[in-house]
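Two complexes come next, and they have one chain in common, subunit A, joined by subunit B in the first and subunit C in the second.
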Partner chain A sequence: MFKKYLRKLTPYLFITPHLIFFTAFLAFPAFYGIYISLHKWEPLSFNKPFIGLANYQKLFTSGTLQNRYFWNALVNTLQFVIFSVPALVLIGLLLAILVDSKIKYKGLFRSIFYTPVILSVTSVTLIWMWMLDSQTGLINYFFNQLGLESVAWLSRETPAWISLVVTTVWWTAGHNMLLFLAGLQDIPQHLYEAAKIDGASIFEQFWYITLPSLKPTTLFVTVMTTVASFNVFGQPFMMTQGGPGRSTQVAIMYIQQEAFTNYKMGSAAAMAIVVSLFIIIIGIFQFKIMSSDVKY
Partner chain B sequence: MENKTSPTAKVLKYSFSYLLAILFIFPILWMLFASLKPSGYHVSQIIEWFLPPYSFANYFEVIASAPVLKWMLNSFIVSASVTFIVIIFDSLAAFALSVIDFKHKNLVFILFTIGLMVPTEANIVALFDIIQKLGLVNSYPGLILPRIAIPLGIIILKEFFDAIPRDLIDSARIDGCGLFRIYFSIFMPLSKAAIASIGIFTFIQAWNAFLWPFIAIMSKEMFTLPVGVPTFTDAYTPDYSIPMTVNMIASLPAIAAFLLFQKQIIQGIKFTGIKG
Partner chain C sequence: MRKRVKVSVFLVVILLLTTGSVLAEEITLDFWNGFTGPDGTGMGKMVEEFNKENEGEIEVEMQVMQWGTYYQKVVTALSTRSDSSPDIGIMHVDRVPEFASKGVLLDLDQVVADLGWSKDDFSNSVWDAGIYEGNRYGIPLDVHPLTMYINKDLFEEAGLDPEDPPKTPAEFMDAAAKMTKDTDGDGEIDQWGTAFPPLWPGPEFILPTLLRQFGGSFLNEDGTEVVVDSEESIAALEYAVDLVHNKGYSPTDIQQDGEVTLFRQGRLGMHLNGIWMISGFKDQEGLNFMSYPVPRMGQELAIAGNSHNFVFFRKAGNSEAEFEAAAKFVKYISNNSDKWATFGQIPARNSVRDTQAFKSLEHQASIAQEVDSVVFPPKHPIASSILTPYYEAVNLAILGQEEPAAALKDAAEAGQMALDEYLQTQ
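Here is the complex of A and B:
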């Protein structure tokens, strides 16, 4: 009797250790976040009264601070997504093709393109803040050598966006490269051989074989990159502090500020939920569009 | 692919590749060379950053004077604990999901999959409240526990376990092996490569984590490296040698891990697509 009971319990012995932490620190916070968002939740005050959807209303009523800054941050985030995702996907693909082609020292090239990926966001931003420094930076040095004026990279709006995107591309393009590389190596060689017999040029081969075969990889890379770009925080936080003004303040930065500087946890939780919904909807949308004619 | 490429195309391709490689490696080299220059080093020409004299004085200075070693220890304790626990817990759970039949198995699997899509960054507010109520703010467990919750390793390992032939289980069963024995003596050894790459990724990700440690750690003593490193920059002194030295020290373990385990990392990405 006891043994039978034990046998029934065994699967749960395997799964429970992780399930406890999953529930406590991932699943529960997701719901708890919704609960917090329905309260006036300020850690310094003793009462945390239920206020229904008021935190959400503030976001959607024009005239409130939250309304102005949140949508500003969300639009900035979208802007970052729109500029960085195509660059990250295309450059990732380009690097993969280079590394996959017949080239000497492929392994070395692959390592060089991938190395920035393993650095932390603080290392990356520190290096690039120096590269982009308007006085002592290398970029302006080259600009001057070419007879161009120095640019205040991090303190003017357009250059600041360019700086953030360039830094991000340098940091993470290598990751997409490896994903595309795996996709490229899965393409059966006989397709290329058949195409060559039919007299297809390199560009025709690329257009009619490589690109269509990479479609599932491209879909995966695009969705993952979009989600990652939506969650951008460290680069603007460190490099521009959201400035000039609030022109590069992104969603996670404002949520962090609202929660831990303004101590308005309820309001911040509501924003986090709106942002999550955005990410999920855009992810589904991308998936629908791009998978509509994926053939495996 | 055997393509007849014209010499010009070849030259173009090579020069383009070398140019890209220089663009990618240059910032890292700059960090390295700057760290080898005496603090307060003055240059009138950029090229001087790269020319001798070199010295390791900054490294000794930083290690002797600053809490960098303590931060490195903090980073190491957190990352190593996370990696160790993730490997054990995730492989156990993946084994259950792949091999054992039990009630609500599909439900658990779907839960894990949905859990992967919850943007961690969006969870920080609620997570902070929970960690605070548990009294874990400013502590190692406060950094370790939320990372263990991520079910990515389970999803990947389950896929890997699914590919192991079921005959092996049946014959082990006939020999009288229990489930735990099968897990430990058959599945774990057969999945060494997958487990190694999950371990390396988990370690590097934990080592580089910034947002959560930045929020959950209050005292300088408890900083991890990514949180501590920026405190060395001073907006008003244009001295880059010391910050870049700290930066090098902070990056070296990850770079070393990458160079040592390159094969596993690249192999790992191929069958997982996980973010480094």
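Here is the complex of A and C:
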């Protein structure tokens, strides 16, 4: 009797450690965030009155500061997602195929491509800021050597976006490479052997075997990269400070400003909830399109 | 078994020691600040000396963190109203109204009276800056103004006297013009007279300096209207834009700290940045530089700056004895702040600025000549929310992406929206 009971309990015991951390660091803060967003929440004020949906209303009423800056920041974030996600997924896949093929020094290349991932955002942005500097940067030096005009990489809108995306790709593509590499190594070799016997070219093999087999990995990588790109903060915060003006200010930057410069925690929490709704909707959308025949 | 005896003896000794100190009623004060550079090392030494002098009575425990996270941590600690929140803190003088208006700072009028300090002991503006709505909440430790760093070699090359730096608008323009040139003959300017960067410290220090020099201000007298789109303010911004884009005496599109790199490389004649850069520039090999007060570029001399102030935080169990201990500590540090100056700042107290020790600090003493012209950001609980749109307008105008007048009009509107929202809830 007791044994049977224990056996039933076992799976729950296995998930308990994770459940504790999940509750403490994810579920609780998320619900607490919703609670805060319904209040006028200023950290140093004793009174934190309930104000219903007023914080949300401000976001959707034109003429308020929040309305003016939040949607600008959200559109900027969407732009970043649209520019960076395809690049991160494709380059991650290409690198994985490269280091999975029969080249020399495979291990060395794998390490080189992965190394940037372990750097902190501060180091990465500092390195790129020095290279991208308008007057003294390495990149403009090469441009000048090639007879090209210097570019103000971080203070014009278009070059600033390019710089942010390139920096992000350099920094995090290695992570996607690792995931794709694991996916590639899971594909059974006999599929390729059979295809070769049937006379399939390299590209046909890639198209009909590699890509379909990688579908679950690709779905996972795309969704995770999208979520990560939505949460972009460090790169624009350090490199452009949201400039010129507010043209590269992303959602998390504005939320951080509202919370820690203006000390309007309630309003900031409301914005965070709206952003996460966007992420959820886009995530569902991606799953719908890509997972029609994915089996786990 | 033997080991166990040893351990328990050890524990008993520890117990006796700790209760012993409790009996002596040593007061422990938590002192938080953001002095992460050499200034923190200096402050740490002063705290150590203070603790040695007051052994058994007062123990100050200093915690240092980045300024950026410091304010967030202070806010978090104070919001819980717990015992773990700090007793003493350092606060930039422009942040004092924000915290004072929330009632988390202690009124220091009595401390100042007990110490026998008055306005005459401090440089003018800094003394008044720590007062909010009639009460004193901040005791100034130092003043850190915008500073003009000059490259002596470039001055001499251009036929200028590095011992006699520009002081008037005409002299400043003339020097800037003479040092802007193409040194390698490729047809492009690669050495500049000065630099007005569109990012820090441009919008936060350089433009506010110009704004005040041209006679403008951020808020009207009674603090109900944002006036950053006034004629004076537009004139100040147009002056900067003209210097960058039409005269070309400053590089365009400077990135964060790009002008610092240029100055370090010896390609910038007059560099405007905070006084805190001195020690970094001293470490730069082959950089022959000197520090001077920022010259007059408009009608009257004014130099934007800030000041580190001591504040006492309100806590649940604030006792009289703790308050007195904190006051003793502040007096000790203030009296010895000439030591502090060696780490880059100008002491707020006149008597300390007059000491031989301070006067022997070539750079600091030179900058301190104009300490009475230092002006501070507007005194308002939501100053940062009001000023952020102004900083963006300056950024866009100096980049040449918006006209000064239009950008400032937007900034005044956005700032006014933030101010109105605040005034409604008062």
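Methods note: the second predicted complex is superposed on the first by the 267 of 296 C-alpha atoms of A that agree within 3 Å, B and C clash if a C-alpha of one lies under 4 Å from a C-alpha of the other, contacts with A are read in each partner's own complex, and residues count from 1 in each chain.
Just so it is clear, contacts are C-beta pairs under 8 Å (C-beta built on N, C-alpha and C of every residue); 3 or more make two chains touch, one makes a residue touch a chain.
Values in this document were obtained by computation on a predicted structure and should not be read as measured data.
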item	value
Touched partner set for A:283, first subunit B, second subunit C, both or neither	first
Residue contacts on subunit A - larger count, subunit B or subunit C	B
Touching partner for A:19 - first (subunit B), second (subunit C), both, neither	first
Subunit B versus subunit C as contact partner of A:88, first or second or both or neither	neither
Touching partner for A:68 - first (subunit B), second (subunit C), both, neither	second
Partner chain(s) touched by A:134 [first = subunit B, second = subunit C, both, neither]	second
Contacts of A:260 with subunit B and subunit C, given as first, second, both or neither	both
Touched partner set for A:154, first subunit B, second subunit C, both or neither	second
Subunit B versus subunit C as contact partner of A:214, first or second or both or neither	neither
First, second, both or neither for A:118, with subunit B first and subunit C second	first
Those residues of subunit A which subunit B touches in one complex and subunit C touches in the other	43, 129, 133, 135-136, 238, 260
Interface residues, subunit A side, partner subunit B - complex	10-12, 14-15, 17-19, 21-22, 24-30, 32-33, 36, 43, 95, 98, 101-103, 108-123, 125-131, 133, 135-136, 138, 141, 170, 174-175, 178-179, 181-182, 185, 189, 192, 196, 202, 220, 224, 227-228, 230-231, 233-234, 238, 252, 255-256, 259-260, 265, 268-269, 272-273, 275-276, 279-280, 283
Residue numbers on subunit B that touch subunit A, as the complex places them	1-3, 5, 13-14, 16-17, 20-21, 23-25, 27-28, 30-31, 34, 46, 88-90, 92-93, 95-97, 100-102, 105, 108, 111-112, 115, 117-130, 132, 145-146, 148-151, 154, 179, 183, 204, 207-211, 215, 225-227, 229-230, 233, 238, 240, 243-244, 247, 250-251, 254-255, 257-259, 262, 266, 269-270, 273, 275-276
Residue ranges of subunit C touching subunit A (in the complex, touch as defined)	71-72, 75-76, 78-79, 99, 102-104, 198-200, 251-256, 258, 261-262, 265, 267, 382, 384-385, 388, 392, 395-396, 399, 401-402, 414, 417-418, 421
Parts of subunit A lying in touch with subunit C, wherever the complex brings them together	42-45, 64-65, 68, 129, 132-136, 152-156, 238-239, 241, 243-246, 257, 260-263
